[in-house]
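There's a structure below that I have some questions on.
Just so it is clear, A, B, C and D label the chains in written order, and each chain counts residues from 1 on its own.
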Amino acid sequence: MLRRRLGVAATGAVLALAVAACGGGSGSSTPSSSGGAAAGSDSKAEFNAALTQVVNPSDKKGGILKFANGGDWDSLDPGDTYYGYSWNFIRLYGRSLLMFKSAVGKEGNQLVPDLAEDMGTPSDDAKTWTYKLKKGIKFEDGTPVTSKDVKYAVERSFDKEVFPDGYTYFNDFLDWPKGYKGAYKSKDVNTDSAIETPDDYTIVFHLKQPLSNFDYFAQLPATIPVPKDKDTGAKYKEHIISTGPYKFEKNEIGKGFTLVRNDKWDPATDPNRKALPDGYEVSTNVNADDIDNRIIAGDLDVDVAGIGAQPAALGRLLSDPAMKANTDNPTSTRLWYTSINGNVPPLDNIECRKAVEYAADKVALQTAWGGEFSGGQIATSMLPPAIPGHEDFNLYPPGADNKGDLAKAKEALAACGQPNGFETNISYRAERPKEKAAAEALQQSLGRVGIKLTLKPFPQADYFALYAGKPGYAKENKIGLAQNGWMSDWPDGFGFLQQIVDSRVIRDTGGSSNISVRDPEVDKLIDQAMKETDTNARNALWTQIDKKVMEGAYVLPNVWTKTLLVRSKNATNIFVNEAYGMYDYLGMGVK
Amino acid sequence: MSFLELKDLRIHFPTDDGLVKSVDGLSFTLERGKTLGIVGESGSGKSVTSLGILGLHKGGRARISGEIWLDGEELVGASQEHVRTLRGKKMAMIFQDPLSAMHPFYTVGDQIIEAYRIHNDVSKKVARKHAIDMLGRVGIPQPERRVDSYPHEFSGGMRQRAMIAMALSCDPELLIADEPTTALDVTVQAQILDLMRDLQRDFNAALIIITHDLGVVAELSDDILVMYGGKCVEYGTSDDIFERPEHPYTWGLLGSMPRLDREPTERLMPIKGSPPSLINVPSGCAFHPRCAFEERTGGRAATQVPELLETEGGHLVRCHLPRERRRAIWENEIKPNLEAS
Amino acid sequence: MVTYIIRRLIWAFVMLTIVSIVTFAIFFLVPRLAGATSESLAARYVGRTASAEQVKIAAEKLGFNDPLVVQYGRFAKGIVAGADYDYGPGVEHCPAPCFGYSFLTRLPVWPDLMDRLPVTISLAIGAAVIWVIAGVATGVLSALKRGSVFDRAAMSVALAGVSLPIFFTGIVSLVVFSYGTPFRITAPGGSFTPFDENPAMWAYNLILPWITLAFLYAAGYARLTRAGMLETMNEDYIRTARAKGLNERTVVVKHGLRGALTPILTIFGLDLGLLLGGAVLTESTYSLPGMGKYAIDAILAQDLPKVMGVTLVAAFFVVFANLIVDLLYAVVDPRVRLG
Amino acid sequence: MTAPMDVTGGDTQATPEAVVDASGGKAIQGRSLGQIAWMRLKRDKVALAGGLIVILLILIAVFAPVIVGAFGQDPTQFNSDLIDSSTMAPKTGTGISAEHLFGLEPVNGRDIFSRVVYGARISLLIAFLATLLSVVIGTLLGVTAGYFGGLVDSIISKTMDVFLAFPILVFAIALAGIVPDSAFGLTGDTLRVSLLVFIIGFFNWPYIGRIIRGQTLSLREREFVDAARSLGARGPYIIFRELLPNLVAPILVYATLLIPTNVLFEAALSFLGVGVRPPTPTWGGMLSDAVRFYTIPHFMFFPGMAIFITVLAFNLFGDGLRDALDPKAR
């Protein structure tokens, strides 16, 4: 009750502050920002400022940050969440072995120890990874966190029946005993072959194969400790036991939740978190347009999903220089692209695929995806610029104006033996207006050289399992082109490319995200890259893979996603963390 | 001055199609304790007249002119509110179909109580007792029980009795009964008519009975007024109308009247044609398109509106035919037919 | 009377059963007829990168491999007797009425529904109060002043009102009164505050949807009331009431309106019943977290237990409203006999 | 205030034609119901205006290609060069010009005028066909229930009750959303239109059914039916030769009034994304696209007004028709 009242009082203080800030000369920098030399500049906020520096730096504590989500979390459970924003946000209430540094831009891509004292120590040819845990870290109820809690957390996340939303990295790579079914169904099975805890502060992971970048696994939320006696399985997301600086006060799934300070969190164990605000108010399933308006008006701080300004707000933000100066336009590690399915004649002929590459109007595609600012940067290859290994190259320059090189396209068509073009279908997910717009844009631009496309919308839920991603169906129904998208789980070539260019992930039963890349050479290069322990050599291999895929014209890259984020009027320490491609939620405070 | 006197009453309704002259220059007088029967086909203006006397056209679209004197008060020019206070109290009305004329959602008792309490500042309890009394007086058995019944729970005759009880609840001095028996079957008709005669005697009210059926007024009325096309065409005592009718329309009405004293095999003599339009009233005598004797007027019927003239002793007739001709036609052509055929 | 109610309740039960069977068939039979398999159905409810084996596990877990009759039986049993659910570390009993567990969130549906209900009830009741008052008053005035400027204006507005789709008026109202900062008089939907928490905020957050929804219905009710009043005011018993010497207000209200309102009562009951089951369009336009939004979201996510739950609750309201209306009708109109 | 009168000569009360006709010397019975209705309808200027707009809308739908050929362009044609690629809005704000009368859609620059015109096709086609379906089912079952009574009646009536208890919109969305892209041997627009017609028509029939059942019940007791029956006529004959002709008026009225409801229904389904698939233009679909671009108001204005005008016109005409055919219903 007392806590609750404090919360309300604090909210009042925020409002008062906000009013004062509005009343005071707007545009002038606040005292705290001029005092904080951290960013090395106290210049006025400008467009994209938060990409390279901390905007409104401050160490002031207190206040409540208000977040809103246009949709809802897949799950708040650390073992069951697979959204980028959720991984960004989860650091507020959960500590994994490692974490992405709460820092500006590229620096945010850096892994730093969190529960662990240091980065992982590989042994046995990178098949075994050992982490030492810090001492003095406690759950919100005061129980100390031990390596057993981390082990249990990973074990429970194994059960995809209970946690269907999560990833399967640990399931696939750790050396689990045969027939292991996870913490619930294989209760008394000895799992030391996969995870060992020689003492309370040491945890050892055993892999089936060498993995040079296992540290990225160690930052996954599944390593956030879960106390076994408090675990309620599928219902745990309603009552999560925090290890971070904040814990859940009220949690109404589908509507929102509030976070308050966790007094068992010891800042001494945690150099990464400033924990400035006193709490967070998060509402879910809020109208996306309303989120924009409220952030602009200043009565909301963050669109937690980081989807950026909706088209309606976009015009306003971009046309008003003062408003634009208060926005940032980061590029994320997501690529929207069109799979060109070589199984569907005449696209089995590389020249016909090239014709598609040349004829596409990239500007129209960009507009379809939301334009230069909220759609993305025109993509010329697969690897996004933020991922190491990215190299700028363009094998199919679509004319000087990026609107397609029709002459080249016709040449390619002639070479393919289809001088007058051909007919095929393009699939997209029916629920996604932007995919629809992109498909329509392609329909238009390819039509210019006689390639006639018919739109085939499919339900999102079954898109890969039954339609576009099912080789038999796609071939039978002549789905030559399929709209597709991919976002990296973490910023490296493996995390981005493996699932979408390795032909061995394509299954006859469907469900694969790779729809079109079938190139034995690419597969060979991937195997090489996974074994390569030298980072630079590895990155060079991923560059080569990217080029190889483009040479085969298996995909038509559309855009690397960009979002137009609006900075909160009330928040301090606003900066974009490249690892998430959105504002870093750990650093933010309240003015 | 008479208790009720109408002078040149006109009630006209403007409509999209023209002016409907429902009542067009009607005059008559009526004394306390006397009964006037107004007879005519539907659309002749008789019901409009009665509603006009009650002031129920006020505030509507009707254009009313002329004078209505009730017990020394002129009503046409009086305020709507004033006339309202007279309704139910000084003058009351009994409607044709008691099922539709009583509100289906309220008990009979409630409706009588309501009528009583508008004009009498009494408690509900007193009013209820009065209602039970009234129901008893109109011959409803077990009135204490029936007072709480809804109209649809009554038989037709009982309903009409209840309606009468409601009308009489405030002891009105003028009672207008509009087709009081039309909706009832014959045996019940007779009972209701008897009841009304008895009550009128008891209450010493002036009574107007409006009907299309001469048979109804035959027994009850002192005077009879025959209306056609919004005008009075013949007025006289009951004897005048039944023994010495002079207007061809009245003859028609008599001819179409089923009488208990006739043989069932006898053929009625209906009036040909249908009632006149009240907008484009036929030129001249309104009845002439249907009149069997029209040609005997020498063409005047079609061009000239006949005046309402006294033939003898208060017997008024509106006809172009000379009085002798009319009497001759009645005696020689109509009466024998009516009696013999 | 009692036997009548019992009979009606039995019939209501039969109807709800039929509704549940049809819902079930739509979601399970139609896709199967269109060629879906247990696995392809289950694929919807597992994560983005589920392996074929995971899908198989899910299909088994969700019971898609059983015959449809068995699946329906399980669902029906849950409602009547409750159901058990394995949430991982243990088994939970969900007491009757149990509409099962969401395929997606793995949480029981019933508490969700009970959580959404206050939103829809607030929306429906608030709007109903506005539309009944506004609609009936307008209708009565229009009828009494038939042909007047007021009547014509009111009826034109009313006709426009019933001709405007709510998802259009809703958006326009949001743009004008909520998104457009200069006129921001109300918070748009999405933020529902329970009445017992803060009545002022409750009303503030609902005022736009109330008015929009009420406008649509008020228009219809004004037309209905006007027609009813015109008919009633021509009834013989109104003439009788006037002949008694009643003043005009009593005539209109006690005698006229009383008669005219009866059919409106019927329609009101049914409208309210339908609305309580979820004002689908209003709620999705204003992103109000009520039953209608819940239904849409559940349908789009193909989360069958949620769909079943929300459909049955909605149907329950309709059936229940029907029953109440019939009972009320007998109270209001003494001529009606139940039997 | 209305005066309580039994002869007003008003437009609806009593029998005005009796007042008018007698002077002309014409017999009242000489006029068919249709003639009388047409006479009344002719005087109802508002209803006539509604009827005129309805005819206009039908013409627009039928001649959409011609109209668009003259004043617009292919409704799926992009005009990317007229769109600002950073805001996705038309470069001139609305894009309204002589070539694009209603302006351009954001993102792809499609011609709104052409899309609204083509939208009329889908909207009216579905509304008409769905109404037809409802009327056919509703009339057949309504007449059957009303005429035969007894067990048949109670089965049909209960069925109608069940239908009315369904949360119709929820079901419609569910059904429209669940049917795959090709089914029952149909694909594309043909499938979607048939599906929507089926869904809308199928869920609406009980409304017509109830009315027809009621009318049949009262007609059944009338003399001419007795007469036919006494002459040995059998059920189907009486239904088709005696009852149905007398039900034409209410069927016509309620069908006319059902059309605007169905226009709204289709628009709602399209708005919720379960209508006819893009890029085929529908008004509801355009509106739902326009929601995201509410700062470009002309985008939602034109499809919104198209729905409004269509529904209003049918309502006006339907009301007039009802007044004309059935003066007591008002």
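FYI, contacts are C-beta pairs under 8 Å (C-beta built on N, C-alpha and C of every residue); 3 or more make two chains touch, one makes a residue touch a chain.
Everything numeric in this text was worked out from a predicted model, so none of it was measured.
Chains making contact with chain A as well as with chain D: C. Legend note: the chain whose CA centroid lies nearest the centroid of all displayed protein CA atoms is C. Just to note, of A-C and C-D, the chains joined by more C-beta pairs in contact are C-D. Mean C-alpha positions place chain A and chain B at a centre distance of 91 Å. Each chain gets one centre point, the mean of its Cα atoms, and the points for chain A and chain C are 39 Å apart.
Distance between chain centres (mean CA atoms), chain C to chain D: 24 Å. Centre-to-centre separation of chain B and chain D, using mean CA positions: 50 Å.
Touching two or more other chains at once are residues 289, 312, 431 of chain A.
Contact of a single residue of chain B with at least two other chains is seen at positions 51, 56. Counting partners per residue, chain D has 1-2, 4, 177, 291, 294 as the residues that reach two or more other chains. Chain D meets chain C in the complex at residues 1-2, 4, 13, 158, 161-162, 164-167, 169-171, 173-175, 177-180, 183, 260, 264, 267-268, 271-272, 284, 287-288, 290-291, 294, 297, 300, 304, 307-308, 311-312, 315-316, 319, 328-330. Only residues 289, 310-316, 318-319, 361, 363-364, 366-368, 370-375, 430-431, 433, 436-437, 440-441, 443-444, 455-459 of chain A touch chain D when the two sit together in their complex.
Chain C contributes residues 11, 15-16, 18-19, 22-23, 26-27, 30-31, 34-35, 143-146, 159-160, 162-165, 167-168, 171-172, 174-175, 179, 227, 230-231, 233-234, 238-239, 242, 248, 270, 274, 277-278, 280-281, 284, 292, 295-296, 299-300, 302, 307, 310-311, 314-315, 318-319, 322 to its touches with chain D in the complex. Residues of chain C touching chain B in their complex: 235-237, 239-247, 255, 258-259, 262, 332-335.
Partner chain A is touched in their complex by these residues of chain C: 36, 39-40, 43-52, 54-55, 57-58, 61, 87-90, 92, 105-107, 112, 115, 178-179, 181, 184, 188-191, 286-287, 289, 300-302.
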